[in-house]
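What follows is one structure encoded as structure tokens, with my remarks underneath.
To keep things simple, chains are lettered A, B, C and D as they appear, and every chain counts its residues starting from 1.
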Amino acid sequence: MPSTWGKIFKVSTYGESHGVSVGVVVEGVPAGLPFPEEEIQKDLTRRRPGQNDLTTPRDEEDKVVVESGVFQGKTTGSPILLKVNNKNTIGSDYDEMAHIFRPSHADYTYSEKYGHRAHVGGGRSSVRETIGRVAAAGLARVILERELGIQTIAWVDSVGGIDSLISESEYPVSRDFVDQFPTRCPKKTTNDEMETLIRKLRDEGDSVGGTVKAIVKNLPPGLGDPVYDKLDADLAKALLSISACKGFEVGSGFGGTRQTGSVHNDEFYIEEKTGKVKTRTNNSGGIQGGISNGMDLVIRAAFKPTSTIKKEQKTVDDKNKETILQAKGRHDPCVLPRAIPIVEAVINLVLVDAYFYQRALQPKWFLKYANLDSIPNQ
Amino acid sequence: MPSTWGKIFKVSTYGESHGVSVGVVVEGVPAGLPFPEEEIQKDLTRRRPGQNDLTTPRDEEDKVVVESGVFQGKTTGSPILLKVNNKNTIGSDYDEMAHIFRPSHADYTYSEKYGHRAHVGGGRSSVRETIGRVAAAGLARVILERELGIQTIAWVDSVGGIDSLISESEYPVSRDFVDQFPTRCPKKTTNDEMETLIRKLRDEGDSVGGTVKAIVKNLPPGLGDPVYDKLDADLAKALLSISACKGFEVGSGFGGTRQTGSVHNDEFYIEEKTGKVKTRTNNSGGIQGGISNGMDLVIRAAFKPTSTIKKEQKTVDDKNKETILQAKGRHDPCVLPRAIPIVEAVINLVLVDAYFYQRALQPKWFLKYANLDSIPNQ
Amino acid sequence: MPSTWGKIFKVSTYGESHGVSVGVVVEGVPAGLPFPEEEIQKDLTRRRPGQNDLTTPRDEEDKVVVESGVFQGKTTGSPILLKVNNKNTIGSDYDEMAHIFRPSHADYTYSEKYGHRAHVGGGRSSVRETIGRVAAAGLARVILERELGIQTIAWVDSVGGIDSLISESEYPVSRDFVDQFPTRCPKKTTNDEMETLIRKLRDEGDSVGGTVKAIVKNLPPGLGDPVYDKLDADLAKALLSISACKGFEVGSGFGGTRQTGSVHNDEFYIEEKTGKVKTRTNNSGGIQGGISNGMDLVIRAAFKPTSTIKKEQKTVDDKNKETILQAKGRHDPCVLPRAIPIVEAVINLVLVDAYFYQRALQPKWFLKYANLDSIPNQ
Amino acid sequence: MPSTWGKIFKVSTYGESHGVSVGVVVEGVPAGLPFPEEEIQKDLTRRRPGQNDLTTPRDEEDKVVVESGVFQGKTTGSPILLKVNNKNTIGSDYDEMAHIFRPSHADYTYSEKYGHRAHVGGGRSSVRETIGRVAAAGLARVILERELGIQTIAWVDSVGGIDSLISESEYPVSRDFVDQFPTRCPKKTTNDEMETLIRKLRDEGDSVGGTVKAIVKNLPPGLGDPVYDKLDADLAKALLSISACKGFEVGSGFGGTRQTGSVHNDEFYIEEKTGKVKTRTNNSGGIQGGISNGMDLVIRAAFKPTSTIKKEQKTVDDKNKETILQAKGRHDPCVLPRAIPIVEAVINLVLVDAYFYQRALQPKWFLKYANLDSIPNQ
């Protein structure tokens, strides 16, 4: 099972819900960086379940453990192992699912692909897998913030039929602001509606989907690589690699396909104050030809309703017999609130790798756009 | 500029519109395969422009040239160079764009990223880049058809505001059927409406976007790898790596986010005739947990309106001055019809690599699902 | 710091002597394999120091810990984290080396490359780094033994000026046989001479180098890939990636350069009993054109004397001042005996990856050469 | 057949002697570099056969053709296709080898691995494969010379039993100096002896092996990556990936294994004139812990005698029958002189990739060691 991401800032994740720990080996980290353990912990804490009654009641502490690559508080350039130990595993909840395939879950496909399947907690398909990525991305985020001033912010844009309709001028200013809302939809009225819907579905043993929007501010022009590794192509893969994600858009996305070119094209102009090239609209979502153009990066992703629900469902078992499933266990009625830090994580992993690759090949670009004072000395 | 795709069936493409040729080196091809030059040529011919008045009038022959890896009509296991020589380059059409950035095109971002930019024909951002991928994918397609019976079919689903609303029962049965329609929207009434709209916009010097739908039939369960290399994640990257693509969905996609889990989940059952596990609905789009489940794979992609239009547009030049652009040259008023073979190509590149990877690790799966008679002898 | 190896059976190692643990994430492991924890432990135990008075007196238990990828005693196909916790770290022995560069060690080059250096225990350059590889290779070894019957055996061929002159007919029959000799030179008289030399140099605070020979028996023809990933090229890299290794030979190696082609060429013949193609001599060392030819694979590697010695040495410090170093700490007077399991490990990592790659592309080869009964069912 | 090399400056080669062309796609080239076509041609010309009567009499022009990635004389950052068209192929010489396996050649192993084999000219195992690498490396060489002042020089050190015994103080000062000697052994007396031996063996239909020595001057400290991608490990793989190479040494190599640490260790001191850290001896060969230490890099490689000889040899055919082979065709009696530019090429490919990787992660190192004036502007 391929489990590596990135060309230079390369992460290799491991771990399932039933194992001892979940984590990541990060190679391609510059030496001499003050190791931001607190920042990484902050990101892991934002990701963990049990933060309010809208998500799964499992209470996992998710304390980061660092087992290599750091010496006297600084990175050494060596691979860094970050992990979180598993606990609070209630295996018996999964017993009846050992031989029954949950509809729309990964149970059946794992069986066909691998034969041998870890049914407890979903094995590798468990959302705990994202811990490794969130930990590694915490490090990526700090590098991007220090050296380029980049800020990545995601939020819940819709849940079920409830759209927040947050416009560009209302985009949240920080991750902290988003976190003030239990649903992570940063608009009071919509948040409240969503809370009501999620609680209702939870009580009915059902679930619901939604969409996430994410922006990246202060992104310099020049990141991303034409053809295969376009910034939006890498972001699409990153987003779709999150469980339950079924769709991705950049800029105008599907909506823009209904427009004519003369309406859709983003007119360039020179911003008076800064002398910088800007566009009046941002249908491109900050990316043109696969490369960032200096405007805010804007993407949107679709997350389907959680497939594990308590309502009775018809299905089949691993003896090829039809049967009825009524799932037990603790499941999120709506993954959207918890998806936010994961979405930000995968975006930051894409960006840091694009940054290091560009730095390798176009050092004059680096000298122009990076904050040299923040680069570790040698 | 990273230009490789794949882990085992690995393609490295090269070439721009202004250069001598565009093409691809394919490594990871099994030895002993009858080399399907005619099939590859067929795919390239479907891709080339000038096939009717809806696309750019450039008449490029796009004849495939094979420079290595084949001996006495069979593959040798060595890398295969496939290429098409460029011709009919009308460089002067691009002269005025040497210093002016086309809105929503890759001109400005290439300049910021690389400094030095090949303005003629868009350089590497030219759609001619896809020739290498389509050629390599022709080979992939033949392997998938021979060994697994897989069939990939894409078509135009909507153009501008015109939706074909083709339902599952109306999905086209073959690529040839799709090709009977000039717009490659395989529904007579919608095709005619689209033709009218595209001609009108062409005459106005404008352009329009649209969506593509693609299915893969006879896909066995078990392809695709959890976490990073999920089948849908790789497909999302593949689609977004096509110029002008701004969105991707698998199965129910964005629409499914409005549903509850109990409605959205795909109920499993045993198909009486075959004894196979099937699902009654296909909101999963044939992929669960990143792995194919044996149902048709169904994806959808959004293509924005062509950015190069003849209508006058405000923009800036490479001296940071605002200016007016009226583009010359030959441009597609709508890329959708020509995108079809490219979409199929990138899908087949993803599938063949997932197949070879699975074959490497789970040979019993291979013995169960592949047509062994079609495997070259040794 | 790139720390991954392999295309399909891919290992990512991490860890330094001063950290919490050293280990490896292994991806690309087939699902359904009975997990050979005991075999892995056996390999780690062979690798650990303190087994007799010829090696460093550090007594490390090196107990393998498995944190993912195994369920109910079988592999799941998910990445497997194998690690060994560090202990018995005597940091103060390294204090004086914090600012002084040991001659011929990695101290100075790490400083120049990374700026920030973990001086304790040599950081990532510590031989403890090999734990991750030996653990991963234990798994590889079991796969190779089960499915292809391959057996990899290495031994000490020379120490200092003492050559064992073990001829082809005297090659050891098993790893257990080699382990009966404290120096791992499987010839009683030479072993005794070597023991005496090593003890003498240890008492003088000095060290000595030597060579290792390794063979792989029952290797089928067809492994290894022409051009870059030739089997001998990958083995050369694998060997040289072990600390202190300074040379590599396959077959006749440097000696063969003195011969004429008519003498050096390995005559092919048909072995009567088996009908198999064999060669009368094996100057090729079992590899022709980068591909195994069915004869025993034979390689040889040079290991320099341990650079950390107790004798006084002139050197410089990190303030660019010349100084005198008298190293403390526990160091191997001769790395050769302990290098044996590491050499076998890196060979097996090369072989398993070549095997899986060949299996991906030439399944008829797989059906011809592999023991299908040993392949996990699905 | 994997045919890519490098992490950032990545080359993908293709081509066999019987095909239309041989060449390479180079990705990871910085944009804005004046394209050094003449320098690349110079390297290809040094590589081609027929330069004097010591090598194969085939007269191949080997003119480089550039089909992409260059615009108005500068690189664009896009992949660069470099190739040489094949000609002068005398296929009939190979007819009798269609079914007979040449001893110690790749014929038998290709057959077992791939089943289908291009016997004409050796297929992918032909030395013409190196054209792609030499062309790509010409570009790498120019980057290394411009930006770091690095100079790579190789020469023939021994042929058969004739050793040049060129000491460190006699190392040749330039590639041009080496080229003054027909054997490329830059010592008049030895060169003459070698010429006599090679001509004698050629006339007898026999061949002979030898060794190559190579140095890299002005290499800054800090290149190469610990563990797997050690500079010497990558060089070992690079050298062994050249056909006929059977051994590799760095620094003292096999000879050093006979010494004690106190003799072998390279004492550090401060060079008065420059204040730089130097070593008094260079047994490390310029590499410590896998990282360059600022001293000359010194390596040595063993090349076996050419396996294709005109003398009669016993062998087997592809029907598993024993037979006699008397090869026709044009073959080098000694590959050593022609190996020199290939050895330099693979070294430079390793160095440029290590340089770009280090530049990606440790930009302060880059600012300290690179000639910033030579970096293309943006």
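The definition used in the following text is that a residue touches a chain if its C-beta (ideal position, glycine included) is under 8 Å from a C-beta of that chain, and two chains touch if they have at least 3 such contacts.
Treat the numbers as computed from the prediction; the structure is a model and nothing was measured.
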Most distant chain from subunit C, judged by the mean position of its C-alpha atoms: B
Type of subunit A:subunit B copy interface by residue overlap (half), same or different: same
Whole-Å gap between the CA centroids of subunit A and subunit B: 26
Whole-Å gap between the CA centroids of subunit B and subunit D: 39
Junction residues of subunit C - those touching two or more other chains: 1-4, 7, 13, 28, 31, 77-78, 112-115, 124, 226, 357, 362, 364-365, 376-378
For the subunit D and subunit C complex, residues of the former touching the latter: 1-5, 7, 13, 101, 103-110, 112-115, 124-125, 129, 158, 160-161, 201, 206-211, 221-223, 225-230, 232-241, 243, 246-254, 256-262, 264-270, 275, 277, 279, 283-285, 287-294, 302-309, 311, 313-316, 320-322, 357-358, 362, 364-365
Residues of subunit C that touch subunit B when the two form their complex: 7-8, 28-31, 77-78, 226, 356-357, 359-366, 368, 370, 375-378
In the complex, subunit D residues that touch subunit B: 1-4, 10, 12-16, 18-23, 25, 27-28, 31-32, 65-72, 74-81, 83, 112-118, 120, 123-124, 376-378
